[in-house]
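Chain naming follows the written order as A, B and C, and within any one chain the residues start at number 1.
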Amino acid sequence: MSDTTKRTLLEVKGLTMDFGGLRAVDSIDLTVSEGEIAALIGPNGAGKTTFFNCVTGIYTPTDGDILIHPKDKPTRRVNGSKPNMVTTLGMARTFQNIRLFPDMTVLENVMIGRHCRTKTGLTGAILRGKAARKEEQEIVESSYTLLEKVGLGEFANEYSKNLPYGAQRRLEIARAMATEPFLLLLDEPAAGMNPQETADLDALICRIRDVEKIAILLIEHDMKLVMNISDTIHVMEYGKKIATGTPQQIKDNPKVIEAYLGEETEA
Amino acid sequence: MKNIKQSLAVSLWFIFLTFPLMVVKVNTSDQLVQWRWMNILWIGLATFVLSFVWRYALARKEARQMAAQSGQDEQDKPSRIQALLEDQSLRYKAMIALLIFALAFPWVFDTYQSTIMISALIYVVLGLGLNITVGLAGLLDLGYVAFFAVGAYSYALLNHHFGLGFWTILPVGGILSCLFGVILGFPILRLRGDYLAIVTLGFGMIIKVVLENWSDFSFGPSGIANIDKPGLFGLKMDIAASTTYIYYIMIGLVVLTIIVTARLKNSRIGRAWIALREDEIACVAMGIDMARTKLSAYALGAFWAGMVGVMFAAKTTFINPASFTFMESAIILSIVVLGGMGSILGVILGAMILILLPEYLRAFSEYRMIIFGAAMVVMMIFRPQGIISNVRQKYEFKGLKEKSENV
Amino acid sequence: MEYFIELFLGGLTRGSIYALIALGYTMVYGIIQLINFAHGEIYMIGAFVAYIVCGVLTIYGFHGVSILIIAGLLAIVYSCAYGYTLEKVAYRPLRNAPRLSPLISAIGMSIFLQNYVLLAQTPDFLPFPALIPDFEFMEPIAHIIGSPELVILVTTLVTMIMLTVLIKYTKIGKAMRATQQDMSMARLVGINVDRVISTTFVIGSALAAIGGVLVASYIGQVNFYIGFIAGVKAFTAAVLGGIGSVPGAVLGGLVLGLTESFAAGYISSDYEDVFAFGLLVLILILRPSGILGRATKQKV
């Protein structure tokens, strides 16, 4: 993994986010490059999710720069952009507390992801012309293909609220992938999964990188998963970044060990 | 035994609660107090029985929720009626039968029945329009009647001043009201859901105040009379013929509304609306433009109200601000809520029940609003999906599966 | 100048009534994020009960201030009872439902209660006796401010002080504040959240009843529909001040009352309601968190 050949996709500089008096994210620098699986770890309340929220436009950060470098397009600074803009530019995410559309079917959840890549308007939808029908067919097919990729093909017509927990997490990933991102942000994708499901997820994430060519930044508390799949690990504590490195470097870093002591014994 | 005690307590509590309002009636001018002791008995009995029903229903609901949580999804199995509804071939047959009935209606029944049916159909369109805003997009609009008023007044005024005909104004009224929706929606659609409710409520009230007071424009509380009925190539029609004519126009409008909403519901746009209703944050994070999506739902809802407003003015030939009160908005909302938010068939059924029932059960019409109110509460608690719950479209993948297996 | 002062005091009086009702909205919203649409109806029921009690007492030969006090107390008791029952029947079963459900239930309740009073009593406007006596010491300034206005202002002030003490210093007040900040946390530390919510409804209803009696005797009539308009206005006041904030509700009420009074006095009284809602829309667009409200970000 030599950094010189890999294009940078996401570049965050000095990102800071305040909630009233609380500084949840404190001048964080972070980059994610093409073909990389990066992990963001840290104890509970370290500010990881807040970091995601700033990067994806849900919150407007107090300070700092978030630059994304889409392929074939000029670099964009996305501080304070609307979330849908960020997603359209090619960065999609999942949520720590699963946020599916419960009263829509599994397939429709993924079809929502296709929204920003399709363009049938009101008149098209009402008249149902040839173009609209073709596009609709494309949406259904590509969404179904994605479902099969995450192993949910057989549930396509179930309501998403009826899926088991682990499947809901995978559905969120499929939904995010439907937006054709170049970078996928996953917030604790393995939370609540059993070891078997986690192992499957491990393979899925690697497949997403290798086959779909999507880079990944993930937040995770499951150290085994993180150490297994990450190329780079960033560690946060109290809003600050305390370390960056390969899994081996992180394992041996005394600061990280201290931050995690008594917090995560399985590390 | 414990149940009986509990119900007795409930019944005593409600007797206490309703005592001053139900039992005592003061006549200050004659200095008389009227004591209606019998009401105590009725209240006591009714609440005693109802408390049993209430507890039973609550317990059942809880049991179902428990079952759902422990992974048994049986509760979501569609009911028998629901299964019937989903049967495609049966659906087409039923639709054709209904259409034939609707077309034959004015020939089978008299003019009076047709008139009643016309108003029910007007509410069907209003319900379907509001269903887009509330049922699909989840934007609680409590001033929906304002758009109805915009349509009605567009026709009344343009007809009065410029003699413009019904067919010209029908789309114009819809578009004007749609524009109104956009202009109003722009600033307020950023608001949180419950704020939106109160602002739209305020807007509905403002429209009425303006119509009542700005006499130069709207002719004030006395309203506008002698509005032209819809014309048919300058043909002279008597009352019966013109009622039949209006009835058919209404049927056409209803069919149009149904087709359009049904198509939208299962389209890219409709899915975006539903996603917005389900989870705003997830929705924008998936790349959907919230402002635009909300605005389109709001404006489209307004459009139907405007169209049918024109229809209403043409049918009654007289309108005044009194037709556009909050109560109207509330009735339309209860049609959507009771029928089933998001469900087209549900809303149609809801409109028919809510409008026709009080019409035919005259004794009952006095209690209409109080029953609507109570029904809204009871529905929300025990059957939030309405009479007919909204069912999402299922997709077939036979060809697809083979394709993806070959890859 | 005198006209200005008259309008000012009129606005203050009106505003303090809005404030009384707005407090009920704000406290409930602060705790369960629900617009209690039926709150205006609780206010109307308070006024109606007072009307009935007054009527009965007058006919049976009571006089003056004693009527006011008995009627006021019974109005409060009944409003509280209605508020308590309302929460228990219409909102508690919906504690975990999607956000639109309790709101629709609230609207249903509002319609139900209006029509209940309409059917049980009458659709007509009823004359409410002027219970507040004309004080002698007010005579020199009676052309600017009447005794009823004074009573309304003083009662509101005293009520506000009592409420502040209750929220700041009593045990239930502390529990209310804790629940407002974080309901699940409050439950964990042993606060009976259901009881706190009930109490909030009861307190809000009592305030609404006080407002109802004062207004009814000030304006001189009651009707099943008065709660609806007053409720919407008061909610406007609560949003104006910053919903969830108790001082905000008071401030919002006063601002709204003054705006209406001046607009009606200097521009046109026909469009009073239009000004109120215009103000609401303006505030929501420019500063959605209200004058005193804090902007909070939804946790994701």
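Note that contacts are C-beta pairs under 8 Å (C-beta built on N, C-alpha and C of every residue); 3 or more make two chains touch, one makes a residue touch a chain.
These numbers were taken from a predicted model, which means no experiment stands behind them.
With chains as nodes and touching pairs as edges, the resulting graph is complete, every pair of chains being joined.
Summarising the inter-chain layout, the chain whose CA centre lies farthest from the centre of chain C is A. In terms of Cα centroid distance from the overall Cα mean, chain B ranks first.
Taking the mean of the C-alpha atoms as each chain's centre, chain A and chain C sit 47 Å apart. Averaged C-alpha coordinates put the centre of chain B at 30 Å from the centre of chain C. Chain geometry summary: the mean Cα position of chain A and that of chain B are 40 Å apart. Of all residues in chain A, those that touch two or more other chains are 58, 95.
Residues of chain B found to touch two or more other chains are 281.
Of all residues in chain C, those that touch two or more other chains are 300.
Against chain B, in their complex, chain A makes its touches with residues 56, 58, 82-84, 87-88, 92-93, 95, 99-105, 107-108, 111-118, 120-122, 124-126, 128, 132, 135-136, 139-141, 144-145, 148, 153, 156-157, 159, 162, 164, 175-176, 178-179. Residues 13, 16-18, 20-22, 24-28, 31-33, 58, 61, 134, 138, 140, 142, 187-188, 190-195, 197-199, 201-203, 205-206, 209-210, 213, 281, 326, 330, 333-334, 337, 366-367, 369-370, 372-377, 380-381, 384 of chain B are the ones touching chain C in the complex. Those residues of chain B whose C-beta lies close enough to touch chain A in the complex are 71, 73, 76, 260, 263-264, 267-272, 274-275, 278-279, 281-290, 296, 300, 390, 392-395, 397, 400-401, 404.
The touching residues of chain C, when paired with chain A in their complex, are 294, 297, 300. Listing the residues of chain C that touch chain B in their complex gives 33-35, 45, 48-49, 51-53, 55-56, 58-59, 74, 78, 81-82, 85, 89-90, 93-94, 97-105, 107-121, 126-127, 129, 228, 232, 235-236, 239, 270-271, 273-274, 276-278, 280-281, 284-285, 288, 298, 300.
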